[in-house]
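Please read through the structure below; I'll follow up with questions.
A, B, C and D label the chains in the order they appear, each numbered from 1.
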Amino acid sequence: MAINFKAYESAFNLSLAENIAKEASKITSSLGIRIILAVPSVLALKLAEVYEDIYLEHVDPVGFGAHTGRIPPDSLKTLGIKGSIINHSEHKLVLRDVFKIIKNLNGVGIEALACGDTPAEVAALAYALPAMIAVEPPELIGTGIPVSKAKPEVITDSLEAIRRTGKDIPLLAGAGITSAADVARAVELGAKGVLVASAVMKAKDPFKVIRELAEPLSSV
Amino acid sequence: MAINFKAYESAFNLSLAENIAKEASKITSSLGIRIILAVPSVLALKLAEVYEDIYLEHVDPVGFGAHTGRIPPDSLKTLGIKGSIINHSEHKLVLRDVFKIIKNLNGVGIEALACGDTPAEVAALAYALPAMIAVEPPELIGTGIPVSKAKPEVITDSLEAIRRTGKDIPLLAGAGITSAADVARAVELGAKGVLVASAVMKAKDPFKVIRELAEPLSSV
Amino acid sequence: MAINFKAYESAFNLSLAENIAKEASKITSSLGIRIILAVPSVLALKLAEVYEDIYLEHVDPVGFGAHTGRIPPDSLKTLGIKGSIINHSEHKLVLRDVFKIIKNLNGVGIEALACGDTPAEVAALAYALPAMIAVEPPELIGTGIPVSKAKPEVITDSLEAIRRTGKDIPLLAGAGITSAADVARAVELGAKGVLVASAVMKAKDPFKVIRELAEPLSSV
Amino acid sequence: MAINFKAYESAFNLSLAENIAKEASKITSSLGIRIILAVPSVLALKLAEVYEDIYLEHVDPVGFGAHTGRIPPDSLKTLGIKGSIINHSEHKLVLRDVFKIIKNLNGVGIEALACGDTPAEVAALAYALPAMIAVEPPELIGTGIPVSKAKPEVITDSLEAIRRTGKDIPLLAGAGITSAADVARAVELGAKGVLVASAVMKAKDPFKVIRELAEPLSSV
């Protein structure tokens, strides 16, 4: 499971983030699953001190150099940050830049979680060999209408699109996932995990939500 | 003086950054001047724990919400980061977004250091009432050819452009500044300080460079 | 008066455009005023054959060369097109590119009508010495709520902002202008003309609207 | 064969363009092949009056409406323009917008020639069902080093990538194509045609170049 903090007000609450990291540590140990926390860049280094599986929400298609306000993929290696989401629906890049970033991250041993809107975009991403691909229909993001129920074919067609490329990349399903049942359905369809955001970050009790969403993944 | 770390390889070296912060602390105390460190977002929170005058290199024209990989101006208040460069030559925004960000930063008491290429851009920025404006001719950035000697009229015309708006915003001069003489000349022309980057970040002895560049500012 | 065809469905109706050009010819002769028709690039050359005062709605910050799907300012000279709107609220550029385009247009004797959202943007534009500046508060565009009544200070402050730069550039007022009274009020406030779009392009009888809007300009 | 005029100075020479159109008419008749002329938007309507196979170099991901300086795909239907290049290496869009445009063009019966840098991008484009796909390694564009000789695997891998999607879209090869031998080699590799630009637009005798490049296509 990957939890995208986005830029919700709660995402910049460091003590909340640290507590989410602690909860995630417990769950990953007890269930034997992985929980990636994709956090605002400003929090990443602090959180990476207390939790292993910290991602950035975005990195930029630049190398080290005179690029004010940009984060080169190489810098994640320097900083000990495990990976990065790229090409999220809310931070789209042209495909050329997505490939440049993934190649760069792969080159320094940092994980890329590449996002696609559709099976077609997923197909292209597969050729870049990111660590994971997440498919999220943009129109369902943040709605609470789960992709796994409203558009299950987006998941199955994405799996088929990856298969046809001949690459073997695990697929996460995202958009509208808010319950254990949504996660279980995504897994049944073939997803290896889920990408969630508002369900956790806007919850009254984010810890409880994380536990619930994680449960169905223990069997994957 | 503002030091822009940019995305140089040295900019992501946390221990170097912490040492620069320590050096800056000493100099600001001894000379009675201000040294702003504009650092990569991934380092900002760590450095803000040990140094007061930390800026981001960029913030985004968004509020809190579903904006993956963006930094809302409001989040700086939450995080205790003092300010941000915006509209740097290497990270240009349309003017509408520059104004949105400055208004937002001003609204939560966070400083904006707005950058302009030319006196004309400086004039527009002045109307937004940022804490400071820096003018940097893009063609001189990183060249070691100092704006204060090669294009002094950019500084004086910028001062005049600000004056004509009826606003009172301190001006920093940037681009090609590498020596105490360059700084001294900028101050003579009316700048309240300088914006530097490569002179420090690519130096063999960045601490020495900072001390040298700071010296002429003690009298401003 | 400048009429911005935008990309309304009616804007691509060549025979309508030709009839608007004929009507504009009559009115400019009878009233002694200027009517600029800013049209989709795909129509410009055909219309320039029958009407003198044809503008493009946008040009790009590039020179002649390998730029697929871009229009260099220089090409307007080649093609005999009189000018171009640039930096319209719906097609914003960073200020650097606006200046590049205006300089390029001025260099080949083609008129630039530069748009600004605010007096601050207008101030910056004045330094570039375009043939004309139009100020349009984005929030009023297309609403039918006329800038000249709802936000008269945007017009007067823009005039003051231009005056303070020491440049002498005629100002058009735009956004929400739909009646002769709106135009008259803009002129009273100091505007030299108006920039209109939906009032004409979405009208049942666009010819009648043009005549009405033109009337108050005969005395400017 | 598709000839991309780009924004070369020669591309805005209307009489040259008309003569190229005449030459293309002759060749298409005598050889029984198709020659698409992708021209600057400002010339398209004039040229469409004298030549059937006129494309725009780009269209925008917008519908009819308040979009100053944008060309909606629907407008090509209105104007009688046969198709458009989209997503050219010099005018990249995010994949979401490429799909929006192709869907829109297909919906009104206008052809899309979608460009990709790599087999991976080609794979994604195939899912959108454009009329044609062109693959062009960006690093070879304009160099005179032909893709068909320097990187033949880009062509064959693109064909394989399309085949794997299960779609049947003809592939053009582009970048560095300047001679009949380059074209012949591309055809041997499986391309249905070529996309050329500088070879024609920067030639002393563009008519001769078109004839030479067209020759090997007569047998396809």
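As a working rule, a contact is a pair of C-beta atoms (placed from the backbone, for glycine too) under 8 Å apart; a residue touches a chain by one contact, two chains touch by 3 or more.
Here the structure is a predicted model, which means the values were calculated and not measured.
Homomeric contact subunit C/subunit D: same residue numbering on both sides for over half of the interface positions.
Farthest from subunit D, judged by the mean position of CA atoms in each chain, is B.
Rounded to whole angstrom units, the spacing between the C-alpha centres of subunit A and subunit D is 37.
Mean C-alpha position of subunit A lies 46 Å from that of subunit C.
One finds 33 Å separating the Cα centroids of subunit C and subunit D. Counting only residues that touch two or more partner chains, subunit D has none.
Subunit C contributes residues 4, 6-9, 11-14, 38, 40-46, 56-58, 62, 64-72, 74-75, 78-79, 81, 85, 88-91, 141-142, 197-198 to its touches with subunit D in the complex.
Residues 92-96, 99, 117-121, 123-128, 138, 161, 164-166 of subunit D touch subunit A in their complex.
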